[in-house]
Amino acid sequence: MSVTYIDAIREAQEKVLREDGRVFLYGQDIARFGGAFKATKGLAEEFPGRVFDCPISEDAMIGLAVGAAIEGMRPIIEMQFADFSSIAFNQIVNQAATHFYRTGMPVPIVVRLPSGGTPGSGPFHSQSMEGIYAQYPGLVVVTPATVSDAYHMLIESVKLDDPVLFFEHKFLYRWLKAKSINGDGLPIGQARIARPGKHATVVTYSAMVHEAVRAADRLQADGWEIEVVDLRSVKPLDLDTVLASVARTGRLLALGEAFPWGGVTAEVVAKVTEEGFHLLDAPPQRLNARDTPVPYHPKLWAAHRPTPESICEALRKLLSF
Amino acid sequence: MSVTYIDAIREAQEKVLREDGRVFLYGQDIARFGGAFKATKGLAEEFPGRVFDCPISEDAMIGLAVGAAIEGMRPIIEMQFADFSSIAFNQIVNQAATHFYRTGMPVPIVVRLPSGGTPGSGPFHSQSMEGIYAQYPGLVVVTPATVSDAYHMLIESVKLDDPVLFFEHKFLYRWLKAKSINGDGLPIGQARIARPGKHATVVTYSAMVHEAVRAADRLQADGWEIEVVDLRSVKPLDLDTVLASVARTGRLLALGEAFPWGGVTAEVVAKVTEEGFHLLDAPPQRLNARDTPVPYHPKLWAAHRPTPESICEALRKLLSF
Amino acid sequence: MPVDGDFLREAFRSMLRARILENKLSSLYKAGKIVGGVYLGRGQEAISAALGASLIQGKDCYAPLIRDQAGRTAFGEAMIDCTRTYLGSVEGPMRGRDGNIHRGRPEMGMPAMISHLGAQVSVIAGMLFAKRLKGTLDGSVGATSVGDGATSTGAFHEGLNLAAVEKLPLVIVVANNQFAYSTPNHRQFACGDLVERASGYGVVGYSVDGTDLLACAGVVGEAVKRAREGGGPQMVVAHLLRLAGHGEHDDGSYVPSSARTGHYGRDCIEVAMRQLVEAGYATVDEIFSWQEESAEEVQKAVAQAQQEPSPDPYREDWTALSTKFPASTT
Amino acid sequence: MPVDGDFLREAFRSMLRARILENKLSSLYKAGKIVGGVYLGRGQEAISAALGASLIQGKDCYAPLIRDQAGRTAFGEAMIDCTRTYLGSVEGPMRGRDGNIHRGRPEMGMPAMISHLGAQVSVIAGMLFAKRLKGTLDGSVGATSVGDGATSTGAFHEGLNLAAVEKLPLVIVVANNQFAYSTPNHRQFACGDLVERASGYGVVGYSVDGTDLLACAGVVGEAVKRAREGGGPQMVVAHLLRLAGHGEHDDGSYVPSSARTGHYGRDCIEVAMRQLVEAGYATVDEIFSWQEESAEEVQKAVAQAQQEPSPDPYREDWTALSTKFPASTT
């Protein structure tokens, strides 16, 4: 028996619906149809009157969630794809994100964002927007890489009083399986050593954790021991764990699937050099997707985002300093 | 006789309207009224049928601009405040930014974004969004700090075949004056040494250039010579000039008025440490606004964004390493 | 709907209090005592108060917009909330973090508007949606208002359509004051009367003379009643003219004199005063005494807010989240 | 508007070519030869072709959406553009950078849709606006289509309203196929017929049976004619049923059998075939020969695209700008 990443997301929603009467689900095609990715399959039947299909109105979906949160509810909103959150951008960054600071009343909403690339998905069904939203004060930005994190962090997200953007990686949905969803109890805001090592640290999150581990496995053959840090949430960003790792290895590669300008990897490098400059034995490096829209063709797509090969290459360069 | 920053923007628009029949202006209250900041004052009368008031529809404004650009025009769109571009976010980052990569046809639109804080403007009339848009491939992001740059870079922006986000700083509009708009001929993509120095480099842009120069002037009294680099455009970002400066000073402070997570300053620090690690004699530092929405009260606002005092403090810390 | 005298007296007093307060705000602005901007509801008090007075605080929810000082007052917002917010007192509901009309008390059913026009429509819809889920809807309604300009926003459209699909008891007032900042109606929409939008949303529509308190009270009362009774969203379009600039920095010189001297250029307060007196709901003396009371109330609210401390940046909690994560992670 | 036989023959041939092509795309998808998704216009060919055939390539502009293979064909898109894009040939208009329905040739007046629904409305408006400024509008029109679901987007609203304010010759077809992915109409809008939206925008509205080519041709022809003559935006709502899943990954099992067996469940191609034959515009034999021609054309277009190279990531120009800035600045 095994649990997939998408199963975990479904189970987590089932659990919070069961245990917390304030939770409801709102999104396109999520009720009887169970969602474009089946993350809510069967939940409309199991919880009548708590799972709703809604019009194609992303701006209003988030507005509704904020209003409902003001009234004490804990809505979970499914964006059909993270890319479509661009329509809800204003309500997310200006309405939801500022609410607590302005009024003193937190708005506990969770926005689920199926994100990241898959072959053939193209420029508008592949984006990684975590580094966009993390720039705004007032948002918690979560990026689970494992089945267990997908489950436990979603449950925890619903419990947080602040708006949470929950970035699920579509590539992991059915590909990533685990024996169980038992977790290690880490809270949001704490990173995890996904793979211990001593020669270099790769700081990454979401699907790239797995690519980094693959790259690390390959380099093992050459005697290199690469440590992989899974950030788990990019805001808050657990600098302590990152610095502790860099202190051990002296070398940093910040790895992400998003566009290369700014974003998570820039923030990681900037933070580490600000606070841990003396720990570094080599210039910290970044590896991101290329600076173009995400291409449709699988061949282009595979060369657009980091791969175990390109990660190995970046690591070799880093190790050669 | 002197020219203000807002005059320069008006003159530049007058010039391109006069010289290029493909240019038209589209925005809220920009025709007879001359715009919320009077950046288009008199232009509707001078150029009948080429300056238009439009409905409060930021999404459609950018859509219209893209369509017009496809037909060979060179629209300049005025957002009433940069903050309201959040409504046009999708059309900017998904329609305009991807157009050339996808179809091979560039869409030469210029979006003017009155941005940055002024006392009493509050959370929704103060934002600095350049670090948001710069994350997206396909956009040129321009941030003039001087009267002459406001003029020349706007003219150059209209000539570029790609979509340009032109971030004007509202605080500079009437406060910043120059004897003339004569420029030094620097193209977009090239930074400028705004103030030469040798002990530390401040890399910044837009209104913060002036705050940095003020801070540098103060530190001069203590014998410190601070170099200030004005990026002028944040995408493309002129790493050569930045590295050359850091090579001279060995110390870097990246300074900006935007929110502190990610953004321009993180990108600057990450780039410099990646490419110029060996040049650094001290950990590179960042100074940004605080991680909350921009507060309304002038006292809070003044403490929210960097000031000559806080810049001096950051520089002293940097110099003490 | 027939309107009773008490309701009209109540609504009118709110109009008066709002007008006198706003006149004072304008003076303070011109004297440099208010930073940022001042936005008046002058000329829009009748429709605004009619809405606010039709709502029941504690039961209904209400998202006022730019020109709803009268509606806020009628709904029960304390005057001191206004002066504190405009004057930046740390004691105000926004504690100096936001200013002027960007204020509210979500816990009393009155969310604080963000600037982005149209954005509050779906928020009120969400509040009603939540009440229904919680089983506390029970005849309550939610209301909001927008200007003619705001009807061009995608947010208005998405929010109203969603409210209609969910059959929520939402009352939306469109105050068509003929201008959005400087932009006249003909550059904003192409239909004759914005009320023609209603049927396309499957929503009940009403058109009313916004300078006529009696008419506003009747129409808004009817709309609120129907919404309470389960009739779904209601949309009231009020026709009027903004009798001030967009903000106090603006002299509104783009408004043609024909508009100023036309029917909608009349002052709704004068009209309402006549209506009250003629119907015998109030005497002229009574109204004068209300005026004096209001002027005194305004003086007090301003004086108090002025003597209160502004926020202290060194004691400010500079976090934007309610959750306290470990310091190293921020 | 009376419709002439040549127009109907033309439109019908486009319907047929589109249907046969799409059947092939579906097979290729099921055989794993197409990555991503395949989205069919099955059941929507009549309204789509009626629009495409009413436009003049080189003069008009047209932003097709998801289910407009027939309209594209009628407008003059080469079949090879479709197969190349679906199969990822580097020779296609999108060069493998974008896929399936996300294709266009802006230089021929046909922009490439982005996924975000509603976003093309204002783009077409902008193309028309530019033509007017350039003085080349001269009786040309712009057209686009959206689904019932897309009418709930803010972009649709803003775009249509802006087009109405600017009095642009825009023809917008709303193909109400009763579902947006799995979501039925009653969770999408609350009015009886979406055509009720038209008057609120100050736009001429039409409602038509989308399964009836003759009716579609008449109504769309009328709308296009009025737009050409300066009548401003026109909105045609076509009622029909999607005769496929949302995409070929979806079996559409949520569509109730009553819808399938109802009036709008009928196949517009069969209806059109009968209409043509009965009116004597075409013979059954002729139609069979068209079918065969189309099948052959499809085979060729697929075969050619399949033998063409896919894009080469190592020779790809990985820049997103047309301007070449110095390398150090990227």
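First chain written, first letter: the chains are A, B, C and D, and each begins at residue 1.
Quick note on the criterion: a residue touches a chain if its C-beta (ideal position, glycine included) is under 8 Å from a C-beta of that chain, and two chains touch if they have at least 3 such contacts.
A quick note: this is a predicted structure, and the numbers were derived from the prediction, not measured.
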{"item": "Far-end chain from chain B, centres as C-alpha averages", "value": "D"}
{"item": "Gap in Å, rounded to a whole number, between the CA centres of chain B and chain A", "value": "30"}
{"item": "Whole-Å separation of chain centres (CA-atom averages), chain B against chain C", "value": "36"}
{"item": "Interchain centroid distance [CA atoms averaged], chain A/chain C, Å", "value": "40"}
{"item": "Multi-partner residues of chain A (each touching 2 or more other chains)", "value": "54-55, 57, 59, 83, 86-87, 90, 94, 97-98, 101-102, 123-124, 137-138, 290-293"}
{"item": "Multi-chain contact sites of chain C, meaning residues that touch two or more partners", "value": "94, 97-98, 102, 114-116, 152-155, 158, 161-162, 165, 187-189, 319-320, 330"}
{"item": "Graph class of chain-chain contacts, one of line, ring, star, complete, other", "value": "complete"}
{"item": "Touch list for chain A against partner chain B, complex", "value": "83, 86-87, 89-90, 93-94, 97-98, 101-102, 123-124, 131-132, 134-138, 235, 254, 258-259, 261-267, 269-270, 273-275, 277-278, 280, 282-286, 290-293"}
{"item": "Touch list for chain A against partner chain C, complex", "value": "24, 49-50, 54-55, 57-73, 75, 90-91, 94-95, 97-106, 137-138, 140, 160-162, 188-190, 236-240"}
{"item": "Complex contacts: residues of chain A adjacent to chain D", "value": "28-29, 32-33, 36, 53-57, 59, 81, 83-84, 86-87, 119-125, 290-293, 295-300, 302-304"}
{"item": "In the complex with chain D, residue positions of chain C that touch it", "value": "152-158, 161-162, 164-165, 167, 186-192, 194, 196-203, 232"}
{"item": "Residue ranges of chain D in contact with chain A within the complex", "value": "35-37, 88, 94, 96-100, 102, 114-117, 149-150, 152-155, 180-183, 187-189, 254, 310-314, 316, 318-320, 330"}
